[in-house]
Structure formats: C-alpha cells, structure tokens
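In what follows, chain A forms one complex with chain B and a second complex with chain C.
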Partner chain A sequence: MPKTAIFGVAVIVGFVIVAALAPLIAPYDPSAIDLSSAFAGPSAAHPLGQDGAGRDILSRLVFGARLSLLGPLLVVLLATLVGVPLGIAAGYAGGWLDGLLSRSFDVVFAFPALLLAAVIVATFGPGFGTIVIAVAVIYVPLMARVVRAGAIVESHKPYVDALKVQGFGALRICAAHIGPNLTTLIVGQTALYFGYALLDLAGLSFLGFGVQPPTPDWGSMLWYANQQVYVAPSAVVPPAAAIVLSVVAFNLAGDWLSDLASRSGRR
Partner chain B sequence: MIRYLLRRAASMLLVLIASSVVVFGFLHLAPGDPAKILLAGRPTTPQALEAIRQKYALDQPLPVQYVTWASRIIQGDLGESIKERDTVIHVLTPRLGTTLALTAYAALLMLVVGIPLGIASAVYRSGPVDVLASTGALVVASIPAYVSAVVLIAVFAVALGWFPALGVGSGGIDMVYHLTLPAIALALSALAIVSRVTRLSMIEALQTEYVETARIRGFSGRRVVLKHAFRSALIPVVTISGVVVGYLLSGAILVEYAFGLNGVGALLVGSVQGLDYAVVQAIALLFTAEFLIINLGVDVLYAVIDPRLRLAGRSVR
Partner chain C sequence: MTQALLALKAVSTWIEVDGGAKPILIDVSFEIGRGEIVGLVGESGSGKSMTARTIVRSLPEGGRSSGAILLDGEDLASMSVPALRQVRARKVGVIFQDPRSAVDPLWKIEDHLTEGMRVHAGRSRDEARVEAIGLLEQVGIHDGPRRLSQYPVQLSGGLLQRVVIAGALAGNPELIIADEPTTSLDVTTQAEIVAIFSALRRDRGIGMLFITHDLALAASLCDRILVMYAGRIVDAQSRDGIFSRPGHPYTRALVGARPSAGTRGERLAVIPGVPTSASDAPGGCAFHPRCAFAAEMCKSQIPALMPIDGGASACLRIVDIRETLRV
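And then the complex of A and B:
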C-alpha cells in the first residue's frame, strides 16, 4: 500500500469517526448562539474561534462532517444500486437496449452538471434530499458507462459462453457472475465518485440549495464565512480545509483502488 | 471533412432537443399545478392562472405543450421572470457580458499559463520547475473554484487589500482589474489539469523517433520543442481544454456568487432560490447549448490540427 493511499485512508477513517461520534467530540452545541462573543478569535475554550453569531466553529465543523459525508455516501449508494444494473444490462444485452440506455446517458452528459442540479432544485425546492438526488442523477450514468465497458469485456470471455451452454439465464449470469467479477472496478469508482460528489454537494450547499440554517455542513459554513469575510477573514479556513482535505483523501484512496482494479484486470 | 462536421452538428442538435425535453419535463415532475409553479406560489387570480394555462397550452396533452413551449423559445420568447416582473430575455441579456468576460478571462489564463508550464515541466523534467509545478498541480486540481474564490477573497481582497472583492467595476481596465481575482479562482484547477496533460503529452512526444531525428539533424532546441514535439502533443491538450472550458462555465456560477458579480450565474442562483422557474429553464438551456457548441468547436479544431481526421473523418466519432 503506497504512502499516499495510507494517508488518504487515515484521513477518511478519522473524518468518519469524528462524524459518528460528533456529540462526544464537539465541545459545544453547534447551534448555540452567543452574540456577546461574535467573531471571537481562537482561544483555549474555542480552538477555532466563534462565528458571527458566536457559535463555536469547531463544534459546527465536527457536526457538519455528518451531512457533508452522509450526502456523498448516499449519492454513491444510489449510483451503485441504479448505475451498476443499468451498466451491466447495457453491456451484456447490447443491441437496442444498449442503444437506448447509452443515448439516455448521453443526454445527461450534455448538461453542465451544475445546471441540471439547478433545474432539479428549482423543481423540488432546496434541501438536503434534493441535492443528493440532483447529484445522484449525474453519477448514475457515470457509473453505468464505466460498468457497461467492463461488462462488454466480461461478456465476451469464455466462461460466459460456458454458462450459456449450460442453460443459465441472462439474469443469473449477470447477477451471479459478471457483477461479482466487476467488483474491483466498481469499488475503485465509488471511492473517486465519493470525493467528487462531496465537492458537488458542498458547492450546491454553498449556493444555498442544500441544508437550511441552522443545520451545519461544510458548504453552508463556507458560504457563511464568505458573507462575513470582511470582519473575520480567517473563518474561511476551517470549512475550506475540511472540504479540500477530504477530497484529496478520497482521490488518493480512489487512485489506489483503481490501480488495484486495473492490475487485477490484467492478471 | 464537411461531412464529418455536418454529422457532428446534427448529433449536437439532437442532443440539444433531447435536453430541452428534459428541462421541459421537470416542470411536470414537480408536485403541483405547473401554472402555479410558473407563478412561484405567489398569490394570484383565477384569470392570471387561466392566462398562463392558455399561453403554455397547459390544458393540452404533453407533446402539444412541449411543441408550444419549444416554438416560443425558438422565436426568442423565453417567458417571463416572476421575480423581476420582466421578460426573461430582458433580465438575461445585460448579464451575459459579465459571465462571458469572466469565462474568457479564465480560459485565457488557463491556456497562457497552463500550456507553457506543462511544456517547461516536460522539457526540464524532474527539474525544480517540474517538481514544483507537478506537486502544486496535484493539490490545486482538487480545489474546487468556490473554495479558491472564498480563500482568494479572504487573502488578497480582505487581508492584503490588493484586489476588490465585489462587483465588476466601471468597464475597461477597471473591469479587468475587478475580474482578475474571480478569473484566477475560476482558472486555478482548470490550469492545473491543462498543465498536467500538456506535460504528459509533451514527455511522450519528446521521446518519439522523429523528434530524435530532428535533433540529430541539428535543429535548434526551441524549434524541435515547439514545432515538432508540441504539434503532435497538441491533440490531448485540445481535448482536455474543451472539457475543462465546460467546467469553467459551471464554475463561473459559483465564482460569480462568491464575488457578488452580476452575471448569469448569480442570476441563476437567485432564480433557483426564488423559484423563478422560467429563468432557470432559460439559463439551463443557454448553458447546455454553449456547452455543446464548445464540444463542436473542439471537433473542428481536431480536424484542423490532425490531417488524418480530415481524410478519415467518416470513421471518427
């Protein structure tokens, strides 16, 4: 395991622990307002300082990790649960089904991702659920396209012919054989998507399309810090660092997993 | 070659029609009466609702509604903005300039800085420039435009006071000055990606036999690098630049919002928050069309750069 991957996995594990144990780790209630100490700088009691409403920034960052990580997790789950079956179906069946699915994916790719998300938010109203759906709509066809390419390669291997000759149905061959053989490919993709989905969700949240105040997540914290930048410029650092650090971590872990996948594919 | 480009243009048009069906369809996926959604839930009279139903043929079957809607758009009628109480065209047009200027500025920075940086890294491989640029690019490529925007504002506009953090200034040089920080924020990760691809592509090209031959024949280093190696290294660079300019368009929305610029992106954000559906639809179609036109432009550039495509164009997707 390369050092970069160890770093990535360590950061991810750290963030997940922080998110899971947020009530134990956060020193204060993330929504507790204390106007008398608004914009207070870092101190022993408040290591990252307090924001414009006197809320403890460290506590908001710790609680913000929950939705900031839950969102990409849901996106990746949806992308896998919907995109993998679609991709295998398109790759294995070929013909009109492949044509229909591939052209539908092309339509989604024709949109700049953020614009499609904006239309979806305008339709269903802002909220955490809406932006998760909006981002998942982009990642389902991404996953499906990669899985389709893998499924085409698999379905031309001799073992698939052997299964067909033995009379196994298409569903059984796809679910019990092709799918499992694509696991490394899919796992590598999920780690990469997790990082990008985190960025997309934080961006939508930054625009005010996601969770509504006072619930914290990193994107909305960054927006808030940007609003108050003339008074407290250093307050942008914690949410910015949390977003960038987690994306770098997921990219490093994802690169490593994809490497493993391509190496096991060559064997 | 003409045939190749016509095919690309035709498939682009098909995709554009398909995406307009998607944009149209979302209005009907939303829970509730489309006429009320178009009015953004504002208090209204039965007469006003009836007028909207008439205008968009909302009592007709969906295909008829789509054709009514699409033919209005083709004629330049993008509907009315509920929030601004004006036509969408009037709301949109004055804001186009800011967005185009910002995106063009960022694209220029990306090419003018990114490509030479990539070439220098490849020519002086493993030298100090390469190590610094490659490590920097790796980190910067993971930083989204809205994070760079917020950090640049905090550092260069507020803490150091070198640049203004708000608005587009009063035209000309002042506008360039005002747009510099936003353009850097927008270009940074794109620039990192372009310089990485240029570097890899140049390293490969510099190892080919014809570059070796050109060197042996005694051509100057500059001529070998720029004329022989770069020309063949250009295709991946053009591909990635096309993709990345598409990102710049989306990124511009976030950057405009962070810097409080009065462009299309900021209008989109306000319209989504205010549920001003007609404006959101119009901007989504506009950006999608721009995105597709850029892709078509990249296809044209391919044909210009690579004579093989010009000759064998029909087999190229």
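And then the complex of A and C:
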C-alpha cells in the first residue's frame, strides 16, 4: 500500500470518526449564537474563532462533517445502485439496448454538470435532499459508462460463454458473475466519485442551493465566511481546508483502488 | 431404425462481416448414436470448434447457421431461446479447451458445480453438495469435500479440467461436446482424462463429440472419426479404418505424417502448403493445391461425401486412388 493511499485512508477514517462522534468532540453547540463576539478571531476558548453570528467555527466544522460526508455517500450509493445495473446491462447486451442507454448517458453529459444541478434545484427548491439527487443524476451515467466498459471486457471472457451453454440466463450471469468480477473497478470508482461529489455538493451549498442555515455544512460555512471575508478573513480557512483535505484524501484512496482494479484486470 | 442422439443435417455456418458473409462450415452432416464417441479432427481453422459452437448455438457475434441440428429429434437450430436453455441445462454438456478460462475465477469449486443443480433442478445447498462430491468421485477426485472449498486458482490445470467435466455432468446430459479438452494439459493428464471419458460412456451411456487435432488420441478413444478440412467433412471412418484404409488423400497424408517409433532418425512426412479455412478455400476441392493425387477436375468440381468400404470420403478420385494403391 503506497504512502499516499495510507494518508488518504487515514484522513477519511479521521473525518468519519469526527462526524460520528461530533457531539462528544465539538466544544460548543454549533448553532449557539453569541452576537457579542461576532467575527472574533482564534482564541483559547474558540481555537478557530467565531463566525458573524458568534457561532464557534470548530464546532460547526465538526458537525458540518456529518452532512458534508453523508451527502457524497448518498450520491455514490445512488450512482452505484442505478449506474452499475445500467452499465452491466449495456455492456453485456450490446446492440440496441447498449445504443439506447449509451446515448441516454451522452444526453446527461451534454449538460454542464453544475448547470444541470442548478436546474434541478430551481425546479424542486433548495435543500439537502435536492442537491443530493441533483448530483446523483450526474454521477449515475459516469458510473454506468465505466461499468459498461468493464462489462464488455468481462462478458467476452470464455467463462461467460461456458455459463451460457450451461443454460444460465442473462440476468443470472450478470448478477452473479459479471457484477462480482467488476467489484474492484466499482469500488475504485466510488472512492473517486466520493471526492468529486463532495466538491460538487459543497459548491451547490456555497451557491445557497443546499443545506439551509443554521444547519452546519462545509459548503454553506464557506459561503457564509465568504460574505464577510473583508471583516473576518480567517473564517474562510477552516471549511475550505476541510473540503480540500477530504477531496484529496478520497482521490488518493480512489487512485489506489483503481490501480488495484486495473492490475487484477490484467491478471 | 433407432433415432440418432444427435444428427446434423446440411448444416452451414457463416459470419456476417461488413455486409459480406464469411463461410465457416459448409454442408456438414453427421450423426452420433447413444453411447457413441465420435471424433472430429482437423487442423487449426478447419471449423472443428465452430462445429461445436454451432451445435449449442453459441456462435460469436455475427454468426449465423442454416440446416437442422436434431438432438433426440428436436431441432436445436429452430428452437425457442427458453427451450434452448432447458436443453443446454439438461441434455448437453460442453467442455472447453482451457479449463482455467472456462470457470468464473471468483467462484469456489462447490459453487461452480452446484450452481446448475440449484438453479435448474431446484436442489438444496446440502443435496447439491452431496451430488457434487459424487460427481468429483466419478472424475477421479477423491478428496471432494476439501476441493469444494477451493478456488480455481488453487487447482492444477488437469484437476480443474476434471472439475469442468464434473460440471458438464451435473445436468445428467445425454451428449457431451468436448472441444480439445486435453490440449492444454500434459500427456499423463491427457491419458487420465481420456480414461474418464471412456468410463463415462461405459457407465452412463453418454454420447460424445470429441474434438481434437490429435489423430492418434482420437483413434484411442473414438468409435468413429470425422476428418474436417476447410469447413467440410472430407472423411468419415471407423476407428480402425482410419489407419488401415484411410479414404481421403488428406486423411492419408495426416496418417502418413504421424511420428512413429519404427521410423526413428528419418524425417517426418509433411503435407505441403498451409491449411486453409472455408473462407479462403480455393475453388473445386479445397484440398487440391496440397493434394498428391490432384487432377484437373479437382480444381473445378466440389466433391460430395460418398460412402465407400464402410466409411465415406469426399474425394473425386477416391475410386482411382483405392485401385491404384490396392488398399
């Protein structure tokens, strides 16, 4: 396991622990307003300072990890649950079904991702659920396209012919044989997408489409800090750093898993 | 007359590529009786494997075939897909050349052997397990319980081929199609696998199409041998007939090219030229450019398979050749 992957996995595990144990770790209530110390810089009592409403930034960061990580998790789950079956179906069946599905994916790719998400948010109204679905719509075809490529390779292997002449149907061959043989590929993709989805969700939150105040979330924290960047410049750093660090961590872990997948594919 | 287990009637196969059709098999007809082992021999590209794939309708992309493929009187070629799946699951077992690539690498031996029993026959996991151990016993694997929990990578090629054979037996088939089942194995293992096939025919009365490029191997196992050249069956002889009175000049040349312990130190006979596939075959008899007996008519007329002396040969000059050589 390369050092970069160890770093990535360690950071991810760290963030997950922080998110899970947020009430124990956070020194203050993340929504407690204290207007007398608005924009206060870092101090012994508030190591990362306080925001424009006097809320403790460290506590908001710790609690913000929950939705900031839950969002991409849901996106990746949706992308996997919908994209993997579609990708396998397209790759295994080929022909008109592949044409139909692949062209549908192309239609989604044709839109700039954030614009597409903005349209969905504009239609259904801002909120955590809406941006998760909006981003998932972008990631489903991404996942499906990668899985389709893997499924094409896999379904041309001789053992698939052998299964067919044993009388097994397409559904069984895909679900019990091709899917499991693509596991490494799929896991590698999920880790990569997790990082990107986190960034996309933070971006949508930053634009005010996502989590609504006072619920903490890194993207909306960054937006809020950005509003007052001339008054309290240091407040921008913690949420930005958390986003960058987690995206880098997921990319490093994802790269490593994808490497494993391509290596096992060559064997 | 009893019905043949498998009968191919005027089967032709071709691959559709870019609007054209590339012929693979041309007018192939033969029968396999119950409990009969028929060998199909030929060089690479002659269409042996495609014959197997045509029978089980597992052609590569663009593959089409015509003619009738009767298994127990039912035509596989025109059968609906659900009915075909039933036949594949219960009546026909197929064994491929490379056992390593013929099994899902992620599945344990137990899962590989019992998948069909559970899915097709509705057996419980425990019943299927007992049955699988019995099948392994039949192919000479006596530590079944241990093997069942292993993965394909943990087994040697010979052992894995036995597992594949056991898997082909799982549906209790009447016909086994073995496509070069021993080619990727060493000679000792090869002998053991051939012994297993002989035992299966004896004990279960299974009919078999045994595809190989090894004439001597085919003669040691099969009752009858079909020789294929450029997508056609050019010779059909009994096991003994193939050596004592080979009909077609091609078979004659193949027999002559065998190494033998009696001719130590001499150069082996070779057939001049290179083998051809059905799509590149010249006009007339496809073998004529390489044939020692070729005459002018061989370049224009396509010979049909004609019965002669208990066998059948597709050669225009077969009568002349027999009389000249007095065999």
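Rule of thumb we're sticking to: the second predicted complex is superposed on the first by the 267 of 267 C-alpha atoms of A that agree within 3 Å, B and C clash if a C-alpha of one lies under 4 Å from a C-alpha of the other, contacts with A are read in each partner's own complex, and residues count from 1 in each chain.
One rule holds for everything that comes next: a contact is a pair of C-beta atoms (placed from the backbone, for glycine too) under 8 Å apart; a residue touches a chain by one contact, two chains touch by 3 or more.
Please read all numbers here as calculations on a predicted model, not as lab measurements.
Once the two structures are overlaid, the count of chain A residues touched is higher for B than for its counterpart among chain B and chain C.
With both structures placed on the common chain, the touch criterion links A:243 to chain B but leaves chain C unconnected.
Looking at the shared chain after the overlay, A:216 reaches neither chain B nor chain C.
Of the two partner chains placed by superposition, A:254 touches none, neither chain B nor chain C.
When both complexes are overlaid on chain A, the residue A:83 reaches neither chain B nor chain C.
Contacts of A:113 after superposition: chain B is touched, whereas chain C is not reached.
In the superposition on chain A, A:181 contacts chain C only, with no contact to chain B. Put simply, chain B touches chain A in their complex at residues 15-16, 18-19, 22-23, 26-27, 29-31, 37, 139, 142-144, 146-147, 149-151, 153-155, 157-159, 165, 246-247, 249-250, 253-254, 257-258, 268-269, 271-273, 275-277, 280-281, 283-284, 287-288, 291-292. Of all residues in chain C, only 56, 58, 61, 85-90, 92, 94, 96, 98, 101-107, 115-116, 119-120, 167, 171 touch chain A in the complex they form. Of all the residues in chain A, the ones that touch chain B in their complex are 103, 106-107, 110-116, 118-126, 195, 199, 202-203, 206-209, 222, 225-226, 229-230, 233-234, 236-237, 240, 243-244, 247-248, 251.
On the side of chain A, the complex with chain C involves touching residues 94, 157-159, 161-169, 172, 176-177, 180-181.
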